[in-house]
Structures are given as C-alpha cells and as structure tokens.
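Chain nomenclature is as follows: A, B, C and D, assigned in order of appearance, with residue numbering initiated at 1 for each chain independently.
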Amino acid sequence: MAKQDWITRIKAEFTTIAIVMIPIAIGINQAGRLIHEALGLPVWLDTIGTIFTAMLCGPWVAGVGGFFTNVVTAIAYGRATSVFFGLVQLGIGFLAGFFAWKGWWKKWWKVPLCGIALAATAALISAPIVVTVRGGVSGQGIDLVFAFFLATGQNFWTAIFASRFLIEILDKGIISTYIPWAAVKRLPEKYARMFKYTKKVR
Amino acid sequence: MPRALLISYIDKDSFFHKLNPVTKLVITISVIILIFITKSFIHNLIIFIFIIPFAYYSKLTKQVFMPIKYLFIIFVILFVIQGLFYPFRETVLIQLPYGFAIWTEGLIYASMISSRLLVMLVYGYLFVLTTHPGDLVSALRKLRLPYIFGYIVLATLQIIPRVQSQMATIIEAQKSRGLETKGSIVKRLRAYTPLLGPLFMGSVQNAIERATALEARAFSAKCEKTSYRETIIMKKDKVIMVLTIICLIIFGVTSWLL
Amino acid sequence: MAIVEFKNFSWNYSGYRSKVLRNINLSINKGEFFGIIGGVGSGRTTFCSAIMGLVPHLYPGNIDGELIVDGLNTEKSSMSDLSTRVGLIMQSPDTQLTGAGMNVEEELSFGLENLGTPRKEMIKRVKKMIKLIGLESFKYRNPFELSGGQQQKVAIASVLIMQPEILVLDEPTAQLDPLGTTLVFNLIKKLARKGITIILNTQKIDYLAEFADRVAILNDNEIRKVGKTREVLTDINLLKKNRIISSDFTQLSNELINRKLYKGALCMTLNDAKEMISKVKRG
Amino acid sequence: MSEPVIKIKDLTFTYPAGVTALREINLEINKGEVLAVIGQNGSGKTTLVKHFNGLLKPSRGNVLVNNNNTKKFTTAQLSRTVGYVFQDPDDQIFMSKVYKEIEFGPKNLGLKGSELKRSVKEALEIVGLWDLRRKHPLDLNLNEKKLIAISSIIAMKPEVIILDEPTTGQDHHGVKKVESLINELSRNHTIIVISHNMDLVSRVASRVIVMYDSRILFQGTPKKVFVKNALLNKTYLKPPPIARLAQSIKGFKRDVLTIDEFIDELISNKSRSSKSH
C-alpha cells in the first residue's frame, strides 16, 4: 500500500512538460560544457541544466535527466565510461531537487551552502568511479592537484576526494548553482506556474 | 551550422550492422564486464586485438580506431602520476633525483587502467558506429524499457544540436550589442551571464511548446504503446548472444585462474 | 451541426486575475472553415489551445462555463481522447516536431504509437499521409533537416494521421517564408475540400478572404464579431475598431467609393478587385 | 551621390562545414538609404547582413564599414557603427527590467552617467515604450518585445541599423508601428531590412535587393523590382497586392505600388482611353 503510493507519486512527477524538459536540460548541460571550453576556467558548468531542472521539476526528474546526460553522451559518441559518471549527475540532480522540495533554495544565502553540499556529493560519488574506471586521472588540470596531494604523502583516497572536492566547489559553490537559481527567480509567473517546484524555490 | 542529429552512426551494409542492437549490446557489455574481471593488462590487450575481426566485419576498420587519439593525454598523465606516486608502491624501477622514483607497481597499474580504457573505447565506439539509436531504442522497448526513457534518448540526440544553434544565435545577438567575450577572467565570466539568461528562458518556452505538440499527439495516453520502427531478434542473434555469454564465462574463469 | 461549442466559456491562467478568454459563446459547424483574427495578446492562441484541451490540462488555471468538442467536454476529457478528435498546429515549426522521430515516417507515426495502433495499420496510414502532403522523396530524411514550410506540413500530417474531425491551426505560417506559406496554405485548402473542420488563426486576412466560410474577431479577450467572411472582412470600421487593417483591395474599393469613382460592394479578393476595375473602366 | 557606409567587394562566404552561402557579392550601401533584402530562407540574406557587423568574416573578398575592413575588428567594436536587431527578441532579452535591458548595449560601449540616461530615455521614447520601463520584458506582448529589441540597438546610436524580419510574429498594429519606426529612423540612420513582407518592403525601401541561391539576383527601386515577374517567380516572391492588381489590368502602368498611385493611374488611364475613342 505504502509502496504503491510512492510509485504513483514518483510517476506523477513525470508530467509531459517535465519529460520534455529533460532533453532540453541535457542540451543546456552540453552548452555549459561548451562555455567551459570557451572560458578556459576550471568551472565545468556541465550540471547547470540538471540543477535548473531540479529547481523546476524536483528530484526524480532531475535525477533521471542527470543520468541520461551521460547515457546520451555514451550513445552519441560511444564513450562507455561516461555511463559510470552518470551516477554523479544523478546524485546532483536528485539532491538539488531534494533541496528544492525542502525549500532550501528560497533564501539567497542558502544557495552557496546547497552548492557546497552538492560539491561534496559530487566528489563522494565521482571519487570511487574515477579510481576504478580511470585510475584516478581525468586528463584535466585537476590531475595536478591530485598529483600534488599524492606527492605530499596524502592517503590515496584523501588525495582523490580532496582534489575532486576542491575543483567541484569552484564550480558548484557559486556559479553552477547561482546561474540556474537566478534564472528560476526571473522566470515570468505564467511559465513558473507550469512547473511544480518553482514555488518552493522563488 | 550544426548537424541535424547528434550521432556517430555510419550506415553500411555489413554483418555487424545487421545484428540486432540487443545482440551488440550484449557483446559490448560482456567485454566491459570481462575487462573488470581480468587481472593482467596482457589479457586486456588480447581482448583489444579481438576488435579487429569485429571492425572488419562491420566494414569500418579504420573508423573504429579514430577516437584513440583522445586517450593519449590521459595515458601520459596516468603513467606519470601512477608511476611516481602509486600508493601501493614497493619496487623501484628507476631511481630519480630529489627522492623521486618510478615504481614498477605504478606502471603495472597504469597499464591495466589504460588497457581497460582502450578496450571500452573501441568496443563502445564500434557499437555506436554500427547501431542506429532509433533501432537501439526500438529493440530495448521490446525488452520493456519504459517508453519515456526511449523518448528521452532520441529527443536528446535531436535537441542538443538545436540548443547549440540557439546558443550560437544568442552569442551573436549579444555580441551585436557590444558584448566582448574575450579579455580578463572577470570580463569573460561576466560576458556569459547575458548568454545564459536567454538560454534558460528560451528553453523553458521551448519545453512548453514541445509539450503542447506532444499532448496533441496523445503522448499522455495510458494505453500500451506500439512501435513503428521494428527490430527483430533472429536466429543468428540468439546464437551469437549465447556464444558471447559462453565466451565471457570461459575467458573470465581462465583469466581469473591464470 | 455544431462540432465545437463554447458555452459562456471563460479562462484565466492561475496566478493572474484577468481573464484571457471572457464569456465566449460560439459554435463552429462540422466541415466549416472558420477564421480567427485579432491583435497580439487578444487571446487567440489560448482560444486555439482551449479546443485541444491544453487549457486546463496542460496550463493550470480556472474555467467558467464549458467547451464541448465533438461531444466531449474538454474539461472532463483526457488529452489523449481529445487528440483523436482535434489536431492542433502552432506557429514554430521547430517545436512542432516531437524530437523522437528519426525520419519523417517515424515523426508521423508518433501519435499512433502513443495510441497503441497496430504496426500494420500505422504503415498504411503513414503511406497515405506522406502521399497527401507530397513529401515522398523526403520520407527518410530527418524532419529537423527540412525547410520550415516542409516541417509545418509534416506537423500537420502528424496530427491528421490520428484522424481528427477538427484541425486547429494557430498562426501556422507566421514564421515561414513566402514559399513555405504557399505550401502550407495549399495543403490547408486541400484538407478543407476533404471536409475536415478547419479553425485557422492567422494575420493573413487575404488568405481568409479566399477560403474561410466564417470569421470571428477576437479582441481584448472577447469575441467581438462572428459572421460570414465577406460581412466581417469588408466592414472597415469594425476592423479598424479592433486594430485590424483591412485588405488592400477593400481599402482601394473604399477609396474609390469615397472619390465617387465606384458604386457597389466593397472588395475582398483580387478577383473582386479585378471585376470592380473593369466596371469602373466601363464607366 | 553620398559616400557609401558599407562597401562589399567580391564577397564569397563558405561555412566551415563546406556549404557556400554567398558567391561573388558586390554591393555598396549609401548613407541614409533604406535597403530591403528579400528572398526565400536559405538564399543567403542573413549570411550577407551578418558580414556587415563582423559576425561573419568573408572567406574571400572584403567588407568595408566606413572604409574599415571588418576583418580587423570584433563585432563588439563594429557595433558602434552597425547595430543588428535579431529576429527573435527572446534571443537577447535577459534583464528583468525593460530599462536595464536597454542600458546593456550603451553600457558595453562605455557610456556612463547622464549620457547613458539620455540615450536610454531617447531610445525608449522613439519606440514609445518609456512608460513600460519598469516592467519585466518577458511579461510584454510580442509587439512590445520587438520594440524593446529595436530600442536596445537604437540606444547604442549606430549609424546603420539592420532589422532581421522585423514583422515576424507581429499583428497588423505591430507591422504599422515597425513601418513608421523605419520611416522615422531613416532620417538619421541607414536602414537595412530583411523581410518577407512585400507590403512593408514596397512602402519603406528606397532600394531592394533580391537574393537567390547565394547571389544577388537583381536590385533596384521597389518600382523596378516588383515589375520583374519572371525574376520574382523564380524566387517564389509575389509583388504586393495592389501591384498584382495593376499588372493584371490591360493598358495599366505596371509599376503601381500604393492605393494612391493606383487611383491616379486609374484616372489617367480612363482619360487616355476616352481620348483614344
């Protein structure tokens, strides 16, 4: 009985508009990645679409959207490894949506706090994946930080987690959470009404 | 101008192309499972070499190896970091100045990981080169993949190029209003806010419009959905799937024992 | 026989006090070609969405009165039931496409898949539709690669395939070039001849003048006038009051009457005008 | 003849993907003219005008704006001289107040203080939206949003203003407003307008260029262009309604575009034919 309730409630989150939001959110994540490349700064921006969706459609939709960001990358380019990292996106989407559900995005000063929590989650989930799949290496600037921690005699896991967290905090601490948050705030009322979670964010 | 569909698929009339996507998925997943079982990178290299007949039978011998160049940087970093700092280091291979050393265990670990990445990349790439996403979704729907997941995959492949061209238009529109996108870090960061605003607003508008279009096509109908695109599992698919799983078990066990 | 019936129908989007549609009373007959004209923000798009049931099923808000479409009360029926009775086409060709169709055939079959139509039946109907819209040579192309006009034709076909009685077109050519506009209007004309009820919202009153049986003026969220096409489109004062500019031909005939060069009815179409000029030339 | 603002010499443009969108374009745009660019989508209209403010750089040939080669400048630098209003206002609007949206362009150009205030005020007054300055731009209707987009370019005081499809999504009222705005702006600016609306083109343009298959097929005054039926047919364009009517009548002058011209011609035609009887 109680279990049935859960499933119906989760299914009810996937309204038509929430479903169409997912491909678009993935598109925004991709656009974020392009901007990251153009900026040449260590801010990934590749979860802005997922976090945006979390603020509009809640944890379940954003979690699915996040995970499929990587599934689609795998299907488009054949990067099988990308599927594993989908779990990171899933975690971020779900958690950001959970914060929306709790109404924690409402106050502007809570946004960076939520961002830090997201960064920690991202680091926690990605650390074991990056170790098993890629030997701890990303092929980006973050590897220098990782190498530095290792060289200074840190424990392997401390090194990998600390380097990940450091880099995630640059991304999600402010920019990747603030940008979608500001967009949701500025949404005209008639659009905002069409999404379940906006009233818990604005 | 971006491509209409984000896709690596190359249409060829080959044995491998004609296999059911599920069969190819079973092969790819088996290989990925296998490389996480193996304990030596030499075994991984043997698995890697097996790609050659597959590639040959898909008439894409050259293309399959194209993305390897992207792995090069990762390999270099992997060997340097793990060679120097591998946490479970015991044997010094070469002593370097300032107390640094290259460690044998580190290099072995790095080769293990690199060979894994190599195998995953080529087999994954072979899969997408020979499998149209439409067929993949249709085949998986037959295996009860929830309908919306299929929709999400296909629609995303179509919509990503749209979002990219929308982004390009927005960049052009704001440049035309005197926005400089080059310069110091602060300048660059500030330059991108005017671009993201319209991107988010536009995407919400798009979502609403597309939701309308889907509703007009009975998207929310509760009945059992059917599929226009048809993929059939043939006898050869079944045979190959069984063979693959047998191979997986044999290779897995031998690799584990050796 | 009325197929669409607005009975004292009002609507406001939730969060907004003002009504986007106010006390609409209107019935549209089966097989009729019905035109809607009016200004930006007058409620025309909401009017079209209401017939499809998007109001209230997609957009949250409040309905007063009722709207009966092909025997169904839109408020109480599901979108999927309504979608086999009404087809809706909106203005942007790009967002009309579902995204799930890898080629034109699949785009067309999308609605049928959702309704659970057997595959054999789908193939039959897709073939028929592709012939109807004349896109045989494009059927394996990605719909996003087509021109705007072709995309709109695909969109129209992809709702027609569900065999609705009513086709609602909300500014279907607003974003098209002249060629695309011609393509789409030719298709609409063809469908009208087949007896499908057509409800067309457009700024291009020249086209309405040629095809529509009746026209309604919607302004400031209310129906201001419903009447025979000629009666509405040649009423210069009425149009002006509703911020609609009458056709050049109507204006020309009006001017000629004012200058006492012509006595007779106001013109609406090119043919009317030609006739008028030959009368004037004969003296 | 006044000095050309924009000179295009042997311009050929090929997109990175290999599609050639412009071939051998030669064109001079003079100060103060209202130039209309017509043709079907995909004929190269937008690609052409994107060269005027450096969004695209020629693959071959040169584009000179006030004798400066666009290859040497960024779009942001050229935006002082050439303003470009994009087709869809939603592609540019990002501020939550109309006033701030208009301010963005001139601020980028370094305007400050009272000078900035003055140009924002002027720009909003020209389009008649000063009263809406505190509104959220996305709460405005399509007509108003388009005017916001135009106003945001006017505020930058460019010499040349490019309007890409200014009547898309506009109702009759909006089209009239755009038309009168073009007439007003043309007193102090050079205007380039891309449009599918032949009525508008016939009324505002001093010169029309017809594009077809990456080339300029024909150019001339509206009167000269709208009588070339064979050429227009080839590009699927139709002359405005009154011209079509005039061209269908025997013994009529063919280059009649407006109702007034038509009536004048009708009167003189009547007197001509009564004389000949």
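Things worth noting here:
Going forward, a residue touches a chain if its C-beta (ideal position, glycine included) is under 8 Å from a C-beta of that chain, and two chains touch if they have at least 3 such contacts.
Just so we're clear, the structure is a prediction, and the values are computed from it rather than from any experiment.
The greatest number of inter-chain C-beta pairs in contact is found between A-B. As a whole-number value, the distance joining the C-alpha centres of chain B and chain D reads 46 Å. Computed centre separation for the pair chain C/chain D is 29 angstrom, with centres defined by C-alpha atoms.
With centres set at the average Cα position, the gap from chain A to chain B is 19 Å. Touching two or more other chains at once are residues 16-17, 23, 186, 189, 194 of chain A. The residues of chain D that reach two or more other chains are 138, listed in rising order. Counting partners per residue, chain B has 133, 151, 155-156, 158-159, 162, 193, 196-197, 201, 205-206, 210-211, 214-215, 219-220 as the residues that reach two or more other chains.
Because contacts link each chain to all the remaining chains, their graph is best described as complete. Listing the residues of chain D that touch chain A in their complex gives 96, 136, 138-139. Those residues of chain D that touch chain C in the shared complex are 40-42, 141-143, 168-176, 196, 198-199, 236-238, 240-242, 244-245, 248-249, 259, 262-263, 266-267, 269-270, 273.
The touching residues of chain D, counted against chain B in their complex, run 15, 17, 19, 50, 53, 55, 74-76, 79-80, 83-84, 86, 88, 90-95, 104-106, 108-109, 138, 152-153, 156. Here chain B touches chain A in the complex through residues 6-8, 28, 32, 36, 67, 73-74, 77-78, 80-82, 84-85, 87, 109-110, 112-114, 116-117, 120-121, 123-129, 133, 136, 148-149, 151-153, 155-160, 162-164, 167, 181, 185, 188-189, 192-193, 195-197, 199-201, 203-208, 210-211, 214-215, 219-220, going by the rule given at the top. Here chain C touches chain B in the complex through residues 49, 52-54, 57-58, 78-80, 83-84, 86-90, 92, 94-100, 102, 105-106, 109-119, 122-123, 126, 142, 144-145, 155, 158-159, 162, going by the rule given at the top.
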